[in-house]
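So, here come the structures, one by one.
You will see chain A twice below: alongside chain B first, and alongside chain C after that.
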Partner chain A sequence: MSTSSDVISPSGSAAADRGSGNKSFLFLIVGLVLIALSAIGLFTGSETDPARPFVGWILGISFWLSILIGMLFLTMIWWMFDAGWSVIIRRQLEHAVGAFPYLALIFLPLVLLSVLSGDKTGIPWIWMNSDAIVPGGHGTVAHDVLYQSKAGYLGQGFFIVRYVLYFGVWTTLALLFRRWSFNMDRTGDHSNVHRSRKLAAAGLFLCAFATTFAAIDWFKSLNYHWFSTMYGVWFFAACMRAGLSATVLTLFYMAGREDGLKGIIKPAHFYLMGCIMLAFTVFWAYISFSQYFLIYNANIPEETFWYNMRELNADGSKNSWWWVSMGLIFLHFFVPFLYLLWYRNKFAARLRFIAIWILTFHLLDLYWNIVPQKLAEDSHGHYMIRPFGISWVDVTMFLGVGAIVIWSFLKSAARERPIPIRDPRIEESINCHE
Partner chain B sequence: MSKPYGYLALFESAPAVYHAARSVREAGFKKWDVFTPFPIHGMDGAMGLHRSKVPAFTLIGGIIGFATGMLTAWYMGQFDYPLIVGGKPFFSPIFPFPVAYELTILLAAFGTIGGMFITNRLPMHYHPVMNYDKFRHLTDDKFAVVIESGDELFSEAATREFLESLHPAEIAVINDEEEE
Partner chain C sequence: MSTTADQHSQVSGAYSRPDVLEEVRPASIPRRPLIENNRSFTWITQKVCGIVESKTPTWWWVAFIICAAIASFTLMGLTYLVSTGVGVWGLRNPTFWGWAIVNFVFWIGIGHAGTLISAILCLLKQKWRTSINRAAEAMTIFAVICAGIFPLFHVGRVWFAWWLFPLPNANAIWPNFRSPLEWDVFAVSTYGTVSILFWYMGMIPDLATIRDRVPMIFEQRMANAGTAGRQAFERFYFGFRRLFYGILSMGWRGSNRHWSNYEMAYLLLAGLSTPLVLSVHTVVSFDFAVANLPGWHTTIFPPYFVAGAIFSGFGMVLTLMLPLRAIFGLQDLITQYHIDCMAKICLATGSMVGYAYMMEFFIAWYGANPYEGFAFVNRAFGPYAWAYWIMISCNVITPQFFWFKWVRENLWLVWILSCFINVGMWFERFVITVTSLANDFLPANWDYFSPTIVDIFTFFGTFGLFGVLFLLFVRFLPLLAFAEIKAVSKQADVHGHH
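The block that comes next holds the complex of A and B.
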């Protein structure tokens, strides 16, 4: 491989005078204000359902975190396969994944609050509270056989260590890929490519472990009685769908910017993104259905209760989650699947429409996976299931974390070039065709 | 001598045949084809070809496969041999899903292969262009445009003149031996 393959003159788009600093600063302010508002909700709690604001905080972060995890996976997959067509898209992902450290900071209050607070009624991870009454069971968490068996993993100290490990893995990978790619812009040194490919090979494993166990810790342990070996894969599939859709929207935004991808990005790039979106729509459905299918066939109460909660109340009547479940099957799978089968729907405004659609239902998927919990009403086994609903903390966190992620993207996009001009495959990517 | 199958214009490079194909399309010919040793990107657009109809065969195959799987399980469980297994109902769309799903993939694949054979009119063991003495070069290092005599715009003198204007390496008359 030669060391000089400059297709575009580096002076062509001077990085110094790329200014959108003021606009991105506005996003930072808005984000901080909204997160501060959410914090008020987190500390004042809610009377009828003390843990609901905390759940809203988890939801808000999870949506944006899943997008970034998907993008990080996509970056590594493209490095692994030495993909040529995607090089100009990869740079947008590199801008985006710079937000991992900020998400780690936004997640930190949840960890501190749940471990340090004396009164744990507002913490949805009820296994942290040994005095909590087990919903639908007998006695407290400390006397619960299932908790005692899982206590080796579900311990508070280990929980903090794992939080540090997950964000450590994501942040380190993201920052290294960014640094090496930006370094190649300046020096044209192709050893950055070899380094990145080697890191991607190891990083895929590390990221897969971090993502799987993060989903187990933060979402699955909300109902710690449950068993499922497919949960981590579900989260991976959801992350990929969210990441791909967000990437498409980012491409549309950058395609409209003079100092972005205007005149560089081609319909073929969008078409190929649409193809991967179709593939991961099928993959998500395959995983989500398989999890249901295995539990349905085995028919063991320790597993089926998790799906029953999302269908029926304690007295056997249909609850609000039944409609959400049907919505996910038909609107999160069948509609995008059939839509993306058509060639013409993988271009321009039609692709943008389905990207927004998938992101909307991805959020609903997160609600469906995170929000339903059995809330103990007394110590005699009576409980209610937290209904579907949007609390104001959900909204402020969703918008607040989103503003921070967008601020981080714009900051990076203003400082670095819109395409990796000295990547050895840049010519292949610019001339991408079907 | 009977009417020839058509005129062949031979080209030395992919760009040359690409530009020739555009000119032939713009001249309004309908019954013509391009012969190349490898796929040339953008040739479909240059020739003005529509998108392949194979995906429709794939979709139909997939739908038939899914319906077959579900109907088989429904008929067997509900009527042919009702049997309670693991406390499950005689029929539900959940448990036979893997069967229906695998049949969807199988018949979608059959549909794709069948659709490819039908739209390409395969198997085709003989084609008049095989009579061309440099036919082997068309699978190696040369490119050709063939305008068939069945085309409405075809006339022996004018079509030859038109092909000359594309600056080919040579022009040959292709005869269909089977009709002789």
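The block that comes next holds the complex of A and C.
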């Protein structure tokens, strides 16, 4: 393979000590403490709703996981398109996706606990508990015909295998893209670029499947009676929105760092990110609306119950989720959509504002998808819907996982250069214009 | 722009050049040129205008007559249908939607590539679109015309088709606004209108160039015209041409103001067309998905239909452009790079369609609804299994060959594969429409649907109609958007980078 003709600089010469080591270590400590705190919640449970702390764990991880998945997709899409303008942004994504292995570790207790624990009342994946009463009068899970016909997929052994596969795919892709891109800085060997392009093509397929089935396993199977072919696409759309918004915030942070993107990043980068954010805002709405509309219109009870839970109590009165649903329609779609249509809103503080906004409502979207469940009240099938609410485990997990992801980012950013200096399109990115 | 500059200083502070920029040494992996052999502006103009200005080639007449003859099959089929009734289309219980809806969705799907290339690729700043957008847009419009025929005549008494529009309530009947078929009327007619506007507006600078060249070509022709009769003919013909291109170019002078308005209008139309492209096939997917029929009612239908439409559209673009490229010697303008890009889009969208097939099958099982499960097992192994496996092989397996560079560079192979894509996408719609209807909830109703000869004639003829329209386009309008091609050429890039 050919290499660039000029001299190969020593590895990470100027980049050796970028001096945020101490700060990043602090994030690690805080993260570990918060996750340990959350673990207490996981083991002590909650009296009124035994599975709620576990749901908090899923929420906390899913938020950060969705960001990283979105970033991984974005990396691969940019490789596929041979995009020039985004090259310096791609390096920030490469720093960020290094956190996949840590997320796999943080997810592991959920898998182990749900499979190994004797008393499964605290496990929200109700299908794992064959003695659990199915809300709505189907007897126990073991006797539920719907579970029986899905048991081939919803089995504990297969569930673990799939967990390993999903994180295996994400981690392998993330680490390879990182390694080749950093190698390119050092050696200038063109094969790094060619390999990345090829892996991106294959990786998009692998990542699409991993992301789809992860959404089915971890979110959809919380209400395992329900099914929708669109669900994986919804999660992809949500990941992209989260990933893009988090990328914008990362860029703002790096733009302020002397050893970061200060003096390199241009308003045009932010503008173009704003354009993609607009596109994926529309895409998310399109997917979410289509799924809702087709189920609403068909009005088949075996599908509509999933939406009914997010609007009505068992007695038909409006529940707390109705407000969340309205919030998603108006605040997660209409506000960012109209806002991002304006040219001026795609720059500086205004873009940062909408990125934070979208991330906030993305978290609400995850709440809306993950938290509502029918909780059996007695053996006759009476149930209540788990109401909207923020538990302390949600908070500690959200912050704890976030601290770990930030630690991982800072660690990587301290070790490698802020821009891929030998990328073939680096000049296009540095001279980016609208 | 001053505000941008302010924001720039907000973002990056003082303009001290960061050290890391001194280390930048990009690897030399140049982008492939969009125009090969470094062709000049003059060469490009003469090449594209030459197609319209040269004498009509013999092959054109042969192709035109063949296509016109084929188109007459549609005419025959429709005449027979109107004089007899829609029953001649082989529609009977339980399959009341047969080939007509299949053909409609097939053609409307093909009509997606053009506007996708012009609008979405424009917004994505994919410069390679300029070499293929014009022909693809023309194809879009002709495909929409072919598509429109089927639902139009499916209504039965076609002279009442205007009832589809929500006109003042003279008949004491409003159309059923809850029906996706009614939404189709709005979606397709809006899409058709905007596509024609987009196509025509984009053509104005090129039409003006052809208009300006009329006197020059006229003199050449007169010099070569031996007889007085010949000269009279040329005088008459070029008088017509001057009028034809003169009216169409709407007084375009290529002034700065003209160009600035043109660019703004182009961007606005691109922005408007993008949701339109997606909405049309979304509404078409609703035709099926809002019915509570196993195999039709599934939430992934909207994006799955859109991906399929783009897939079939690019299949048709390849099928048409590869021969034209060879006939007119356009290899320097429609390069191997363009063909690679199109093949890769086919690969991507074909795989998305494959993902949807898989997801439908998986959820039909996972949903544990016996009717849904049956619908899919019946598709794959029932009486229409042959159609299902044609669909799978053409739509999912065929595009996978485009992973390989040697396949993408073997143009005969690309052309054959693109034909397979066209076939596969027709069968996809056939499988969706017919398998679900023919074996519906009541087994006593079950039937094996077979098309009648009228079905086959009518559909076969639409290829002729499409061909006639496309040949007329090739002969009289600028085949490539050469004003835009020049803008992405190396000569137009004064700064010398990308």
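As a working rule, the second predicted complex is superposed on the first by the 422 of 434 C-alpha atoms of A that agree within 3 Å, B and C clash if a C-alpha of one lies under 4 Å from a C-alpha of the other, contacts with A are read in each partner's own complex, and residues count from 1 in each chain.
Basically, a contact is a pair of C-beta atoms (placed from the backbone, for glycine too) under 8 Å apart; a residue touches a chain by one contact, two chains touch by 3 or more.
Not measured: the values here are computed from a predicted model.
Peer 1: Can A:84 be said to touch chain B (first), chain C (second), both, or neither?
Peer 2: second
Peer 1: Applying the touch criterion given at the start, work out whether A:297 contacts chain B, chain C, both or neither, answering first, second, both or neither.
Peer 2: Touch status of A:297: both partners.
Peer 1: Quick check for you: in the superposed arrangement, does A:433 touch first (chain B), second (chain C), both or neither?
Peer 2: After superposition on chain A, A:433 lies in contact with chain B alone.
Peer 1: Between chain B (first) and chain C (second), which does A:212 come into contact with in this model arrangement: first, second, both, or neither?
Peer 2: A:212 contacts chain C only, not chain B.
Peer 1: Determine, under the contact definition given at the top, whether A:179 touches first (chain B), second (chain C), both, or neither.
Peer 2: Neither: A:179 stays clear of chain B and chain C.
Peer 1: Which chain makes contact with more of the residues of chain A, chain B or else chain C?
Peer 2: C
Peer 1: Is A:419 contacted by the first partner chain B, the second partner chain C, both or neither?
Peer 2: Touch partner of A:419: chain C, not chain B.
Peer 1: Common interface residues of chain A with chain B and chain C?
Peer 2: 297
Peer 1: Touching chain A in the complex: which residues of chain C?
Peer 2: Residue positions touching the partner: 3-4, 7-8, 10-21, 23-31, 123-124, 126, 275, 278, 282, 286, 289-290, 292, 297-303, 351, 355-356, 359-360, 363, 366-369, 403, 497-498.
Peer 1: Provide the residue numbers of chain A that touch chain C in the complex, in ascending order.
Peer 2: Against chain C, chain A makes touches at 3-6, 9, 13-15, 81-82, 84, 145-146, 149-150, 153, 184, 188, 190, 193, 201, 205, 208-209, 212, 216, 227-233, 252, 255-256, 258-259, 261-267, 270, 275, 282, 286-287, 290-291, 294-295, 297-298, 300, 302, 344, 347-349, 417-419, 421-428, 430-431.
Peer 1: Note which residues of chain A are touching chain B in the complex, please.
Peer 2: 289, 292-293, 296-297, 299, 341, 343, 433
Peer 1: Where on chain B does chain A make contact in their complex?
Peer 2: 41-42, 51, 55, 59, 86-88, 94-95, 97-98
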